[in-house]
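Would you mind keeping the following structure in view while I ask a few things?
Chains here go by letter, A, B and C, matching the order in which they are written, and residues are numbered from 1 within each.
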Amino acid sequence: MTMTENRQNSVIGTRQLRREDPALLTGEAKFTNDLNLPGALHLSILRSPHAHAKIVSIDTAAAKASPGVVAVYTGAELQSQWAGPMPCAWPVTPDMKNPPHFPLAASKVCYVGDGVVAVLATSESASRDALDLIDVEYKVLKAVVDVEEALSDANIIHEDLGTNKSYTWNLKIEATEGCVEDAFQKAAFKVSERYVQQRLLPMAMEPRAVAAVPQPFGGDITLYSSTQIPHILKVMAALTLGIPEHQVRVVAPSVGGGFGSKLDVYAEELLCMALARKHSLPVRWVEERSENSMATIHGRGQVQYVELAADKSGKLTAVRVRIKADMGAYLQLVTPGVPILGAFLYAGVYDIPLAYDFSCDGIFTTLTPTDAYRGAGRPEATYAIESAMDALARAMKIDPLELRKRNFIQKEQFPYTAFSGLTYDSGDHLQAAEKAAGLADYAGIRAQQAKQNVPGAKKRLGIGMSSYFEMCGLAPSRVLASLNYGAGGWEAATVRVLPTCKVQVVTGTSPHGQGHETSWAMIASEKLGIPQEDIDVLHSDTAISPLGLDTYGSRSLPVGGVAIAGACDKVIDKARLIAAHQLECSADDLEFAGGVFSVKGSPDRAVPMAAIAFAAFTAHNLPDGLEPNLEAQYTYDPPNFSWPFGTHMCVLEVDTETGQIEILKYVAVDDCGVQINPLIVEGQVHGGVIQGLAQALFEEAVYDTDGNLKTTTLAEYLVPAASDVPSITTAHTVTPSPTNQLGVKGIGEAGTIGAASTVINAVVDALSGIGVTSMPMPASPQTVWRAIQSAAQAK
Amino acid sequence: MIPAAFDYKRASSAAEAISLVGQYGDEAKFLAGGHSLIPLMKLRLAQPAMLIDIGRIKDLSYIKDGGDFIAIGALTRHMDVEKSALVLKEVPLLAHAAGYVGDAQVRHRGTIGGSLAHADSASDLPATTLALGATYVAQGPKGERLIAAADFYKGFLESALQPDEMLTEIRVPKMNGAKWGFEKFNRRAQDWAIVGVAAWRSKDASGVALVNMGSTPILATSVSAALKSGASVADAAQLAAAEAEPQDDLNASSEYRVHLAKVLVRRALEKASA
Amino acid sequence: MRHDEPRHDIRAQGESESYIMVHIKVSITVNGTQQEKDVEPRTLLVHFLRDQLQLTGTNIGCDTSSCGACTIHLDGEAVKSCTVLAAQADGGTVTTIEGLSKDGVMHPMQQAFMENHGLQCGYCTPGMVMASIGLLNENPNPTEEEVRLGLEGNLCRCTGYHNIVKSVLAAAKK
């Protein structure tokens, strides 16, 4: 039986309150910087104030003499600590250029925030004070801020590479050679758009924090870090530091949000480990917010050129995309792969022929490195296709919803083999769109618009939509291999039934707000017929959960959750053998339901899981050759990505005098397949939508022409508050994924993927009647006002 | 996040505070609620060697009826100004504006005197008290002196206060039923205004002041003059930026600020004329 | 501390002989217990709570008084403990997130956050809960708009605020 079937008394699909909450609500939960580590030294890092400069000299004498300071190190002085440079796990092309990147810059800084000097002191205030006493002389070089200008190679950042271009990655799929160009030649309608995905600061509310605790005489070291990826970090830290992997333990305590920004191997993690070993003392570091904005990866940062060709009915006939992707100064863990994660999605949810031409240049700038940020490549792709679809609808003078309906992949076409060769597992885009249109009162808004948006209207009404596909459940290991990714995409789980029939579920996922403990217990409870409260979920400590590939890319449920179900199956299979032995029947004659094995047709001949668990523990009377104990480990490598989808709609008013936008309604219809816990699903959508909306309206990492970040604090970088955003109407359709036994798809990124284009499409829709045809992000009041002004002048 | 080290003294009276600041000179700063100063210190943009905590001076937190004016002790918190029945009745524009300062937590700690003495043109209360024609009472080693709000703001974060003077009282003329409007335009509620307008209007007079339209709060005298000479609100509002010298920043160009000022002055005056 | 009290210099543990810092004595009642401690004048209330009292439930999320993660109650009102010196709180009464539950039962606001999924990663949560309690103390029956505006000084990156607002409205009805 799979969980996609309807079953009575199922815990799957019920709104279970989160078991994580009491500790978080009472202050009992410990984040990394809450850990009490007697005797720990505090690390502070002096960072480059220049985007691009040679280090001429460093004078640390005064800092060394400062009260409480234990040691001061320059990058050159620590160079011998590293067995290799910091890792990039995704060389997307064989000839990708990747400059060596070390935790501290030794001779040259390449972005504002690049680490230059490390100070160790007995207190946080002492190490911070000492930073002010360090004198660094720089020879300032020209900053390279604009990603397209960087391509000219007028100023080369990494001299040894000879170019600012890291790679070009192509995906050209044609039924016959030249058919893309042909389609554009013959197109009845075509659009050619340029979009800018501004740089974003992930701004997890918990800044990063690290503590490395050595065992000087045992040779082991434990790294506590506010990370999404304790398992990957363990391997990478061991390699970078040249420590045997089995002597490294990584623990992610409570982690205060990540959104991709903690999916990385960071300089501070390696510095704490190296210095803890060197000094034989715990070393800790906590990031200040204004440090976080420069030293933690940024998101997005792409210039997109998108062209669509369509026949006279509006049916898409070809898609051509050129991306200039801003890598920043260095390649972090998956920096080059982020645009590639979107490469397959520029045809969106539409049925297109084999006429797809995608190319991406990865380009270095003298800015903070970019990397995965909620959605990673897929919000960018969705934004581009969904904005371009609106542009096409305007060009054709037809309703954008109608244009989408003409192009949707139809429900009957699933599983659908796409132009890319990837198979979309299941979907019903029309249903999602119609549901959203109903909730948003699409027809009513259009009618109201006709009345309201008269010439001279002070408040113009707009409605925008976005239908998205998300490629998630990262990922089939063989597909990752074909993309040159440096690891697999499986996930591991162990399910252990203890002698008293309490259960430990050990997962390789590493939650940081997603509620895995609650959801994973629900899955195990459903499978094993054991009450949730008797199940504990262990995670985020490589000593407890040695195997795992962590949490990112909406992968935890469709890979990690399915792994738990698989491990439960193995436990049940073993328990079945013990039950058959006890009941003296064939294992095939047993059925398992509600935690009890019974002989088919003779319900009184039954044995509960509790009895089996205890028997497995005592091992007094087990079938011949059967190992004692009831435990199974299972690793699940998904056969396919999962493909959540949905339609979002936004209704808003634009104040044409000031450019201010007021959102009247936001509707999100998402389909993530089977929902384990709808309460958590809705929460993921709410948060994702507001993050996407924030990209559309509020947020931007602003740099000046010298490469100085102007938005270093939360006073300048506009993460919206409750007062600044609307409530959200959520609804769902449920189209189970046929590729996994739970029927699940993942929901962590969906909201963000749908939201930005939905909001911007609504803004343009409100203003298209007065000549506005595009809107840069973020659509700040000034940006909107300027667009209105220039449209008026163009008339 | 960690301020540079400093020394700390607590004053129990204005006289003692002034004597202390005289003793320590330029190195010393007054600390009232701290909600302008401490954020700068955490970023080490301000590094005073000595803080003189005046926050406990009890007799400087009050709201009294002074006859023609309402007298507000300099250490009165924003929340107390916002909620004061007397202020709500006699100077409702000020009560309203006080409710827009920062956020609730800030209004629980920040003080009116601290905000005015910080002399930030982006803050709401300097412009609001300027529009209302307030007078500030400053106490120094030689005693008290009165400074008209119109004479107080000298430049960016620069006031007419001498280093050894502190604000002790703000006297705000009663509005006598004059109608008013307050417009705070920003991208997030907690932020400083991109442009703000405090305006009131009676039969024969008006006061309009602008937030964040120059290095000091700006009294829009041309608007009031135009109204006095019979101009319509819409026409008068066109003069909103006549006295302003707005800067470009991350949120707005000076051009956009000038435009916003005109729109917002019109809206504020429409409310004040309703 | 009273300003006329004798100041004393103490040597921080493990410091060199030459490292003499000025400390002042503060007495703050925290979650019902009076705490007398020596602090540096620059010690922020949030550092006092976290580092000296090990009350690590109060979090630090920014350095500009923007995010509200450090919100506690000082003398019954919500304040940002990153923008108050421990010295300023001398003689005051502080309640932190750790002081809300009574006899192992969570405060109604904590319960409302749990019941309405008003938290995800939980980092902003202590500050959000303290601000929300402060909000209801001042306005026991707020509208949705009043809740949203009342929480303008608290940032959350996970929830999109939808369920936080719902939690506060639910708590108001309790």
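Assume a contact is a pair of C-beta atoms (placed from the backbone, for glycine too) under 8 Å apart; a residue touches a chain by one contact, two chains touch by 3 or more.
As the structure is a prediction and not an experimental result, all values here were calculated from the model.
S.K.: My parser should flag the chain pair with the most contacts; which pair should that be?
M.R.: That would be the chain pair A-C.
S.K.: Please identify which chain has its centre, taken as the mean of its CA atoms, farthest from the centre of subunit A.
M.R.: If we average the C-alpha coordinates per chain, B ends up farthest from subunit A.
S.K.: Roughly how far is subunit A from subunit B, going centre to centre by Cα mean, in whole Å?
M.R.: Computed value for the inter-centroid distance: 44 Å.
S.K.: Quick check: how many Å separate the C-alpha centres of subunit B and subunit C?
M.R.: Going by mean C-alpha positions, subunit B sits 28 Å from subunit C.
S.K.: Can you check how far apart subunit A and subunit C are, centre to centre, with Cα atoms defining each centre and the answer in Å?
M.R.: Each chain's C-alpha centroid was found; their separation is 31 Å.
S.K.: Which parts of subunit C, given as residue numbers and ranges, touch two or more other chains?
M.R.: Within subunit C, residues 21, 40, 42, 60, 63-66, 149, 152-154 contact more than one other chain.
S.K.: Subunit B: which residues touch two or more other chains?
M.R.: 1-2, 4-5, 43, 188-190
S.K.: At least two partner chains per residue is the criterion; list those residues in subunit A.
M.R.: In subunit A, 125, 288-290, 713, 715, 721, 723-724 touch at least two other chains.
S.K.: Across the complex, what residues on subunit A touch subunit B?
M.R.: 124-125, 128-129, 132, 288-290, 657-658, 660, 698, 702, 710-711, 713, 715-716, 718, 720-721, 723-724, 780-782, 785-786
S.K.: Which part of subunit B faces subunit A closely enough to touch in the complex?
M.R.: For this pair, the touching residues of subunit B are 1-2, 4-5, 43-44, 185, 187-191, 194, 250-253, 256, 259-260, 263-264.
S.K.: Inside the complex, what are the residues of subunit B that reach subunit C?
M.R.: 1-12, 31, 34-35, 38-39, 41-43, 51, 53, 55, 79, 102-106, 108-109, 188-190
S.K.: Once bound in the complex, which stretches of subunit C touch subunit A?
M.R.: Answer in residue numbers: 12, 14-16, 18-19, 21, 40, 42, 50, 54-67, 69, 96-98, 100-101, 106, 110, 113-115, 117, 119-126, 129, 144, 147-149, 151-165.
S.K.: With touch defined as at the start, can you tell me which subunit C residues reach subunit B in the complex?
M.R.: For this pair, the touching residues of subunit C are 1-3, 21-22, 24, 40-42, 44, 47, 60, 63-66, 68, 71, 74, 77-80, 82-85, 87-88, 131, 134-135, 138, 149-150, 152-154.
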